Each structure stands twice: as C-alpha cells, then as structure tokens.
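By written order: A, B, C and D. Residues from 1 in each chain.
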Amino acid sequence: MTLAESTVPKPMGTGPGDDFIAPETDVAPVDRFREYRRMWATFRRSHSSMAGLFIVILFLLIALIGPWIVPFPEDALGSIHLDRKLQPPNGIHWFGTDEVGMDIYTRVIIGARTTLWIGLTITGLAILIGVPLGLIAGVSNTWIRETIMRITDIFLSIPGLILAVAIVGALGPGILNAMIALSLVWWPGYVRLVQSKVLSVRNETYVEAARSIGASNFRIIFVHILPNCMSPIVVKASMDMGMAILAAASLGFLGLGAQPPYPEWGAMISIGRNYLPDWWWYSLFPGLAIYFTVLGFNLLGDGLRDVLDPKQRS
Amino acid sequence: MQPLLSIRDLSLEFNTFDGTYQAIDRVSLELNPGEALGLVGETGCGKSVLTRAAFGLVPTPPARITSGSVLFNGREILGLSPREQRAMRGRDVALIFQDPMTFINPVFKVGTQLVDAIRAQQLGKVTRKEARDIALNMLDKVQLPNPVRQFESYPHQLSGGMRQRVLIAMALTAEPKLLIADEPTTALDVTIQAQILDLIERLVQDMGISLIMISHDLGVVSQVCSRVAVMYAGQIVEDAPVAQIFDSPAHPYTKGLLAAVPHPFRPEDRLEGIPGSLPNLYNPHSGCRFAERCPLAINRCVEARVAQTEVAPQHMVACIACEGAQIDA
Amino acid sequence: MKITRRIATTVIASAALLAGGFMMLPTQDATAAEQVDGKLYMVIAGRQPVSHLDPALKYDLAVRMMQQQLYDALVKYEGNPSEIKPWLAESWSTSDDGLTWTFNLAKNAKFHDGSPVTAEAVVYSFKRTMEINEGPAWMLEGFVEADGIKAVDAHTVSFTLNKPYAAFLSFLPWWYVVNPAVVEANIKDGDFGQGFLQENAAGSGPYKLQRFEQGTAYVLERNDDYWKGFPYENDRMGGVIYRLVRESAAQRAALLKGEADLVTGLSPEERQAVNSNKDISTTSLPALTSFGLKMNTTQGVTADLNIRKALAYAYDYESFIKIMNGEAKLQTSPFTDAVQGMVPIADMPRRDIAKAKEYLAKSAHPDGGFEVEYVYVEGFEIERQMGLAMIDAYKDINVTVKMVPLTWPNMVARGAKPETSPDLMAIFATPVSTDPDAIAIQYHPSSAGKYYGSHFLNDPDLNALIEKARAETVWDKRAPIYAEIQQKIVDLQPEIFGMMRNRGVALRNWVKGYQDSPIRMGGEIDFYSVHLDPN
Amino acid sequence: MGQLIVRRLIFMIFMLIGLMAIVFAISNIAPGDPARLAAGPDATNEMVERLRVERGLDKPIVTRFAVYLSNLAAGDLGTSLHTRRAVVDDLARYFPATLELVLFSIAFAVLLGVPLGMAGAAFQNKIPDHSIRFLAVSGVALPMFWLGLMLQWYLSLELDLFPLGGRLGIMTPRPETVTGMLTVDSLLSGNFGTFQEAVWHLVLPSLALSLPALASIIRVNRAEMLETLNKDYILNARAQGIGPLRIVTAYALKNAILPTLAMIGLRFGWMLGGTVLVEGVFDYPGVGLYATKAAVSSDFDPIIAVTLVLGASFMLVNLLIDLTYALLDPRVRSQI
C-alpha cells in the first residue's frame, strides 16, 4: 500500500466530459454480482492467481476424464509387460515405462484421480470435524471452549507428519488408513481459524443488534457468523488441498500409503528412486506431477486470499 | 531578499492500477526567511504531498514529478542525488508529523532514535556521548519533564503530548532553516494542542526558523502564521496575508471554507457545507478543479489553466469568475 | 519507501556468499573407497546385516562371509567348481571301514593372540558347536558323537563316526575353530561364550575384527602375520569394510561415485547399467543357489495342498526369466542342476490356468476370493518385481496378493514359527555342499525354523526316504532314493519352485583377485584373495 | 520476564501430559490390539498374551495410562523390535543427529530467508523480486523427498560435489561424544577435518529439509518488510536524514522480524516432521529414519517414543520463540 493510496481517497468514478454543473447523485440499482465482478477483476489481474486457476482446472479435468484418455488403461490395475520394461520416454510411452513394463504416463494420469480423491477426503474430513468444533469453541465461553482449544493446541504442537506416521503405524499401512491419519492431523487448523474468526465477528455491532432483537443463537451462528467465516475457510481449504496431497504423497513415499499396484504418485517415487540415475524418468515425472498440482493449489489459494480476505496479508 | 523556499509550477502524478492520479497541478509557492506560512485545505488536497515531494520524501515510483522546480536558498534541489537530498533533511529542513503515536519507532528507545537522528544530521562527526547531551538539552528545551527518564524509556511509555515534544526535539536538534509542521496538533486533545502550538511558535521565533504550518484547521493557522495559502485538489487557489484571508476572502472555495467554520464572534451564523464532492483526479481537465462545485463557474473556467492574479497587495487568487479578478476579453 | 538498490544487492551478495561457503569444501578423492593413514580399506556395499559372528549359531550369507575371514576351518571350499582345499588340516586319511578320519594340522597355524592352533582347540570347537546344537550342528547329527572326536597329539585330530557318512568331509568347511583360551575367559553365566562371540571374534583367520557397528558397517583389519600368508603381494592393503546400504540404488550410486569398491545383490539391469561405466566390471556365474516361494504347509490358506497346487499352476514362470533378463534357468526339480543325483521331474508345475482352477475347485475356496500374504526382502528389487508379477498372474484365479517388505532378520524371525510363517516367502537357498543330502534335508522336520524350512513340511514317507538315503553310503543305492525324494517333494508342493539364477557382483577395476565359488551364497564374498591396487 | 517463563513452563507440562494422552490413545483405541502391536507382527500368540499381562494391558484404561506415565517417568519407552535395543538407547543415539540436522537447516533457512525477503521488498515488482517470489511459491510446493532425490542425483552423483548420504565417512575418526552432534563435538575436540566432513554431509539433507521453511520465511518476511517500510516512523526516520541501510536493517527489520519469528517457529515444527522423509532419502541415521523403519515393520514402541520426543521439542521451540518475541518487542515485555 504505497504513500499515494494512503493519503488520497479513492475517487468516485466521475470522469471527464460530465456536465460541469454538479451532477445529482443517482443511486445505482443494488448489483448483487457487482461484488463478485470486482473480485474477479482483481483476481484476473494477478498472473500467478490465473496460473494457479489454470493448473487446478487442468488437474481436475485430468482426474475426471483420466481413465478414458490414457493409452494403457489396464496398466493402472497392475497388469505387467516384462518384455517392455524400463524403456526411456518414446513415441508410445511418453513418460517411459517402469520396472515391470507399466506405462508411467498412464499411471501418472490415473494417479491424478487418486490424488484428487485423497486431497478432497482429507480436507473435507478436516473441515467436517474442525469447523463445527471451531464454531462451538467460538460461541461458547465456558469450559467447553477451553477444552476444545487446549486439545487443538496439543494436536498443533505435534509435527503433523510424525503424528500421521504414528497413527498409520497403529492402523497398518494402506491408503485408507493414511487418509484417516492425515484427517486426524488436519482438523485442528480449522478449529483455530474458525474460532478466532467467530470471536472477532461475535462482538461486531450487527451481531449484537441481531441478538438484541431476539435472534436465536442458532440463527446468529448460521446467518451471521458462519457466512463471515466462509472466505477464510475457502482460502485455507484451497491451500490445504495442496498440502494434503503433499502429505499423502509423503506417506506413500514412506511405503505407508497406497500399496502396490495402486497408482499413487508418492509410492511411484519411492520405487522410482531405486532406478535413479540410469532410469531417471521413473521418479522424475510423478515428482513433477506432485509439484505442479500443489503449486497450482497454492497459487489459487494465494489469489483467493488476496481477493476474499485482503486483511489476512501474510 | 531572496526567498528561502520557492516552488515554481510544480506538478506531480501517481501512476496506480486505476490510472495516473494528478495529485499536484502546476503549484507555485514562495516562503521568505523567518516567515510563517499556513498551508490550508481539505484532507487529500495534496498539501502534505507537496511539501514532502519538494524534499524527496515521496517514493518515485509510483510518484513522478512531471514539471516545475524547487529552489531552496536559491539552489535547485529537485535534481539532487538521493545522498545530497538526505544530507539536507534534518539540517536544512525538518518535518514534524501529525500522529505522534505512529511516527516514533515502537521497538527502539526514545534516546536511541534521538541519537540516531543527531548523528545522521551531524554526518557522524558527533560521538554518541555528545549526541546524547545534545538530545537531553533539546528534550529540556521542549519542556519535557525529567528528560533522562524519557531518554531511556520506550515510546509506548510516553503520553501523546510528550511524544510530540520528542518529535519536535528530534526535528530541531540540528537547528534547521525551515520547519514543516504537518498538522502537528490534529491528533492531540485540545488542551495539549495549545501547549504544542505555543512551543512551536516560541522555538520558531527563538531559533529564527521559517515555518510552513500545514492544517485543515483555520484557527490553528490564524494563531501561528503570517500568510496563508489555500489549496484545493492539488491547486493553490488563494495566497494572501492572514488578515486578508479572513476579512476579504476572494476565491469562492475560501469563502466556502470560512462559511463552514464557526466564527468565534458570530455564533448565530448558520454553517453551510460545500455541495458536491472532490473531483476525480485520474485525468482531470486543465482548468480550475473547483468548477464542478463553484456557484460562479462558467465554461472558460474548465477550458484553460487559471493563472493567479493579484486582487490586492500580496493577495493572489487563481480565479477568473470572482469579482475583483480582471476578466480579460 | 525509497531503498537504494545498493543495499539490496549487498544483502543478496552476503546470502549467496554464505550459501557458496559450503561449496568451497574439498571433494573426496575417489581412487580407493577408504584410506586410513596410507592403508587401503576395500569397501563392500551390501544390504544384509550381520546379525552375529558366533560360528556355533545360525548362519546366513552375511554371517558366514564374516566368519570365513575371522576364523579357519580344517578345510575350505575354493574355486569354480567348488573343491575342498586343505586349510588348518594339511592332510587327512580315513580308515578302511570309512569310520575314522584323521587330520594332521598345519604346524605353523596360530590364533590372532599368537597362541598356536592345537588339536585340543579343534576338539573344543566341535564339542562347543555340538553342545549348543544350533547352526552347523545338524550336519553331523547322528553320525559323530562329541566323545568320538579326540586329539591324538598336539597336531593330530581323529573323528570316529558311528556309521559311514559320504557327505562328512563336504560339511567340514563350515565348522570353524575358535580359540578356547579367549572363549573360556569370556563365558558369562554358562553361555559358553555366546555373549562374547556375538559381536567379537576369537579366531585365527586372515582378518581381525576392528569395529562391529550393528546396522551400519563392520570393519575387518588385515591380519598381516596370518600363518598361511596371502595369495598376493600388496603391503598397502589395510583391511575390508562391509558397509550396509539400504537400497540397491544407493549401492549403485556408491559404486559409481567410488564410495564403494564392490557391491553385491544387484538386479540384472542394474548390473548392465553400471557395466556401461568404463572403470566398473561385473561378473555373472551360475550358482548352486535355488529360489523358491516357500509356502506355509501347516497354517493359513496354504495348508491345503489343492490351494498350493493352484497357486503353483497359476504362477507365470516366464516372469522369472524376464525379471532376470535371461540370466536364469527354470528349475526342473527341487534339486538344482549341479547337485549329484538331480533328475528332471516330468510334472513340474508350469503356468496352466485350467489346471489351477481344477485344483481350486477341489479346495475350500472353489472360486478364489481370498488373499495371500507375500513376504520378501525390503529393497530387493528382484523379489519385489516377482510380487507384482504374482499380483498380475493371480488375478486370473481371483486371488489378491498383499506384498509385505521386511528386513532380512524380521523375515527369518517370521519364518521361524509355524503360526507366524507367511503364506508365501521369497527365499534364495544355497546348499552347504553338493551332496544331495544337503538339499533333501531342507524338506525334513529337522530344518523347521531355519530360513529355508519356513514351509514346515513334515511328511512321514518323505522323512523316512531322506533318513534312509542319508545313511546309505553306496552311491548306486542312494541315487534312486533321491530320485523318488525329488518326485515326492514336487507332489507335496511345499513351495513354488523357481529358478537357478546367475549371480554376480559389480566391482571397480582397481579391485584385483576376486574369486567366486558356486558353493558360496549369493552376495557372500571371500575377502582372502581380494586386494586393491589403485594405479 | 521470569514470571512468563514459569507460567509457560507449567502450561507446557500440561501440554506434554496432553501429548502423552493423545499418543497413548493412538496405541490403545486404534483397532489394532495394543498387546499385539507392542509384541510386533512375528510374535506368537502366547508371547502376546504374556506381554498383555506383563504390561497390564488387560486393566481398565485409566490405570493403564497411569502405568504408562510411570513407565515414561522411569525412562522405559519399551524395546524396539527391529533394532533389538531399548528405545531409550536408540533415541539417545539418534536424536542428537536429527537435532543437528534440523538446527543446521533452520539456520540456513533463516540466514538466507530473511535477507532474500528483504531483497524481495527492496526490489518490489522487479525481476529479482519475481524470481524470489517464484522460489518462495515453488519452495512450498516442492515435495521434500523428491527434491532430496534430485539433489542427490545431480549434485552428488553427476557433479560429485557432495557425499551421497550418512553423517560421516566410515573410516573418518569420530570425535568422542559430548553433545552427540558431530559438528559440535568435532569442534570441541579440535578435529577440524571431521568438522568439515560433518558439515559436508549435512549440506544436501539440510538443503532438502529447509527449502519449504526458506520459502515461507521469504514470503512472510517480504510481506512484513513491505508493510513496515510504509509505516509512518520509517517516513519520520527518513525525514531525519537517517541512512537507508540503517533504516532497512534496524528500524524496519526489527519490526518485520517479529511476525517472521512466528513463521520460523511453525516451520521448525514442520521440519521435525520432515526429517521422517529426508533422513530416509539420505540414509541419515536420525529419529526420522528410525521411526519410518519402525513404521514399515509395524514396530510400535519406537514410533510412539519418536512422536513424543518430536512433540516435546516442538513445544520447547514454541516457548523459545515466544520468549524471543517478548525480548524483541518492549510493548509485550512490559505487559508481563
């Protein structure tokens, strides 16, 4: 925010050529979409946000129509062709083949579907657990809030990945257990976010006004407080999609996530590492896939935050 | 007598996302040594930007000085290198600002910041010990109770008035030739306001400093300044001695301003606001920017630049429609 | 906010300098892997940890590799094909009835602490192993009693067998001689010195133990005044380091970078890859080693012979050859080709989905629908690829596979008990001698609990046949029994019989004198003849 | 100040007990049977039953938790199945290595992140700023393990600049253990050769571990610097003629560093978690590698112990960050 903006107020849209006799102030019709159009204008202006949006849309597309556009669909289900193993990227196999002849391009594309499913489930579960708890903690100021917030603090004080490894260690390796573990690790973030938002919104004047005219607690939460929490939740959700995908891939890399022959990027890299440096393509392409997907979600998250939640700058 | 500061035809614009904002439009202003000039105008008319830009305190980009020159003691200072401009600040010109709460660094002791300022102003030729003594002496001069304790304490431990005194001390340690006070009392409550104004008046006279007092409060200006320049939307509309501004304002905007201020001796007058709102300065017309709200406005006001004309001795007005201005054919 | 570019550039320059500071550190020279004040230490990068050193306890490729360097036995296997060479015993003779063997010890043999290797020490060592009754003890069980071993004089030992035993001499290379004085001095509450010998050595071998860092590296120092001398002239050889590296990629990388001089257990395509490097060469040698997917015949779904037959017929045997890039041959009998008395079995299972379904129909799961657990060595690519091949092959009989990678010690532990032995376990087994009894015994209850006995097969007829063949000395009478044994084993299908693969190592060209002998296990290196000359 | 520390320490003890409760819950409420988990996959049934009684796992949950706490107090964290040693001894051996790696990485991230953040603010919207911002955004998105592999492949294998992994060459003389941290111990014993080699081995793992932290520190510090440089007291400082270098490195940075501290603390915690990945790639014998090896062979006690240790160290770090925050910001200091 440079000096100019701080001292000179935003001019009100009158331009040259207006009749120099003072114009009467007409009240423009309330334009419900004006706010969204303004957001889209600011969003569109930042290249990084648009890049993020493009990557995410591409990723969703690949995840949706993946199985129908891949050259070797059966490879994703584990059918092996040992006679064409470890081929470098070529005309047929764009990303080369792995150690048992499966087409890596196919497995990366199908992997996108797995990754989307993982990201959505983890973020979804985390929101389902975290947001209600956050609301309850925010609204009540009795011991309920204290217990919820203390438990949240404890969870947040454990590095997420090691807690996930511990939970998967107990439940046993596998993609479902990995997702449960990561959801258990992820919800505290939303509790803290929603709780702080609710606290700040709670003593806003319009909420007191609503309460004063007898609005029920329930109505206040869902009509006044929750809508205000939506924008930070949306921002955090889009950032979390990226981070959840990264965390799930990490568990896959440790051999605790998806089990063979399931096409999951992290697991592919953990096998692919055995084939560096001579068969570099085996671990390069899944790694790039993770990087671009997570980058896309991060950029989108940044863009949304600048538009939806400008105050939350850093 | 050569004027201490003379700003001629200075124009400045900001390029922002929404387009280029013409903040200052060919402003000319002069200040003689020892004189106290009041610079008056609504918030956002560019009075702060004008004084700060003159001494290189407005970052370029996004600001850009498109025309004009600034002479200080006869020397052109707009073209100076950043280093030279910096050397002037503190020693030749000093600035004090509006809100003492935000203009002192919260995480450093008051003393540290004073010593820093002094060492910068003396270009490092002063040891920390000597700088400390100068600072303590200055704090005493600004009537700060128990200077040593204040020297060692942090800004948040001082009251608003005390902090403003520290700012004044910091500005005047190098006995500058020009002091620009940018609404020094606006953020203070009334009782403290009077003390600070007296302090500034006394220091300015004692040290023979010429003063530019920027304010939107005509009362403050009338008490301290000998001459007043009225600014509107980046243009100087009227420039005259204090008495004439109050007794016979010429420019319609100045009249409107005075009408909006409760006159101390005529409490029964009805106050009137000025209809309309500030013009959009993104690509303004080259004429008088008060035209849209001016009751006397005619077409020519908007078409061309309105030069300043003298309606009385030392009383300049930038208007062609008000009476007393020569209406050339 | 007018910040001059000058400060910003100084800020970045200082940061870059800081990061660059790391770069100026010296790189390691890469002539030989490790040097300690002038002496060269050869580094062998392997994946299997050395669980212990005690010659009387259970052995595997890593354990025996260390024992061979730290200890000596009466005789030793060397060369290709593996022949028995005199070692501690310079010469030996047998009585006419073949029951008494007399060994004359080398006079100059001495232990690391300088004391001579006497007949008394030999007797002590054999009695110690027999009393502990683990590890190699099974080899002489029932043929030699402890009191049948006597020290005739300081340098002569005699063994009196209670019945003739053709394979007797072929087992002796695995009975190492310990230094009684050192063992006796370290016995703690009657453990016969096992605690001490777990991670220490009391031998007379060509190398001494310098450092035993479990899970990381085992450093052997060359015994310069070894009584038998060395088959090469190189006074710069300081010793050998057996270094543990978790994955084959890391082994390859260590070899390429010169951080390792020799690596074992690479897959065929990995060997091809490193071979392309001009100063690395690889060896490939057919071995006695057989490979089998051992199935638990007592517990779980594989207890049912029909299920075992179905799994055997559904497996895609061609994948063995493809995974090994052609460097393997399918086994046509439980006995590998080099074993005496091996006969090809006609109905050796090959992939035949119809037959597999036939057997499945006769089992408790007529249309499949169950899961089998396949345990393999973590990081061992060949076995992991077999798992993927298994998943693909068993889809046709609606059987799913759960792949479980384990470290070798954990695998051996799981295979040691019927309740925990997995449905399928990938095991490379090298017989301890070319005598057929060494392989037949693997299907006898006495092998239960050993890594090659994880099927816990216990068939009375088969056991009788094995014991009968074992006692027979006349080869013409033994041969037909072993033929019947091989057919019986295939009928019982305790495992999916795999392949005989070539095995080999990859080594830097500055490694000289490397000799492989088929009797050695895959990855078991004899350091004795190996040395580095970097120029 | 002392009062803050005492209050926070008491609070931390409660947090630690809470941490133990969560970790205890994982091992007990999880569907797996705790006795079988503790005994490990290849234990026979009667061994599992014996363990159940021995560890009192058949008693009600509250008493079991009390027993669990008393065991912890006595330092008995169980035995590891895959190393066959007491977990406490393993931790004593492996934790200093992880600590050394994490401290090295956080130092790298801060010493590089803060200047780059400042540079990003100084060159706002110029080429250096865009490249720094791209590094920041990608840094967070790059998978740590994959980055480690690529660094290992390129910098170590191809260019042979760094060793592949591990903490020290096998035959390099090891300094006698004082802190367990090789760099510190080798300096203490004056063995500069080993020190250099220890740093040498730390470079790649810490590069991989610190990139996400570096990226976040750049982002936060850049945003904070931008915001602080627009503050009024900076304008006043410039009006007094104070030099730009002093303004940036002192006046602005001391204010901008406060929120950056919070990010450094958060990132330190994530780094502790990240060791689980990076140590595997570089075969670096720390608690991260120890935990993953245990997790793969479902050897349960070590995982629980490592979670406790990493959780506790993260809490300690948060306390330290709050203390530095109070130290740097007089307004906070005067409130306690």
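In this text, a residue touches a chain if its C-beta (ideal position, glycine included) is under 8 Å from a C-beta of that chain, and two chains touch if they have at least 3 such contacts.
The shown structure was predicted, so the numbers you read here are calculated from the model rather than taken from an experiment.
Chemist: Which chain lies the greatest distance away from chain C when centres are computed from Cα atoms alone?
Modeler: Looking at centroid distances, B is the chain farthest away.
Chemist: Counting C-beta pairs in contact, does C-D beat A-D or the other way around?
Modeler: Top pair by contacting C-beta pairs is A-D.
Chemist: Using only alpha carbons, which chain's centroid is the nearest to the whole structure's centroid?
Modeler: When every chain is reduced to its C-alpha mean, the one closest to the whole-protein mean is D.
Chemist: Rounded to a whole Å, what is the gap between the Cα centroids of chain A and chain B?
Modeler: Here the centre of chain B sits 50 Å away from the centre of chain A.
Chemist: Report, in whole Å, the distance between the mean C-alpha point of chain C and the mean C-alpha point of chain D.
Modeler: 40
Chemist: Taking the mean of the C-alpha atoms as each chain's centre, how many Å separate chain B from chain C?
Modeler: 91
Chemist: Measure off the straight-line distance from the CA centroid of chain A to the CA centroid of chain D, and report it in whole Å.
Modeler: 24
Chemist: Enumerate the residues of chain D that touch no fewer than two other chains.
Modeler: 152, 157, 230, 235, 238, 244, 296
Chemist: At least two other chains touched by the same residue of chain A: list those residues.
Modeler: 2-3, 255, 273, 276-277
Chemist: Touching two or more other chains, which residues of chain B qualify?
Modeler: Residue numbers touching two or more other chains: 59, 82.
Chemist: If we count contacts the way the header does, which residues on chain D are in touch with chain B in the complex?
Modeler: 231-233, 235-244, 246, 250-251, 254-255, 258, 328-331, 334
Chemist: Hey, which residues of chain B end up touching chain D in the complex?
Modeler: These residues of chain B touch chain D: 52, 55, 57, 82, 86-91, 94-95, 97, 99, 102-108, 113, 116-117, 120-121, 154, 156-157, 167, 170-171.
Chemist: Can you tell me which positions in chain D touch chain C when the two form their complex?
Modeler: 41-45, 81-83, 108, 111-112, 115-116, 118-119, 121-123, 128, 152, 156-157, 160-161, 163-165, 169-171, 196, 199-200, 203, 226, 229-230, 234, 238, 244-245, 248-249, 283, 285, 293, 296-297
Chemist: Within the complex, which stretch of chain C touches chain D?
Modeler: Residues in contact with chain D: 1-5, 7-8, 11-12, 14-15, 18-19, 22-23, 25-28, 30, 34-36, 41, 43, 214-217, 219, 241, 243, 245-246, 250, 253-254, 256-257, 259, 378, 405-407, 409-410, 413-414, 416-417, 419-420.
Chemist: Residues of chain A touching chain C in their complex?
Modeler: 2-3, 78-80, 82-83, 85-86, 99-100, 255, 259-261, 271, 273-279
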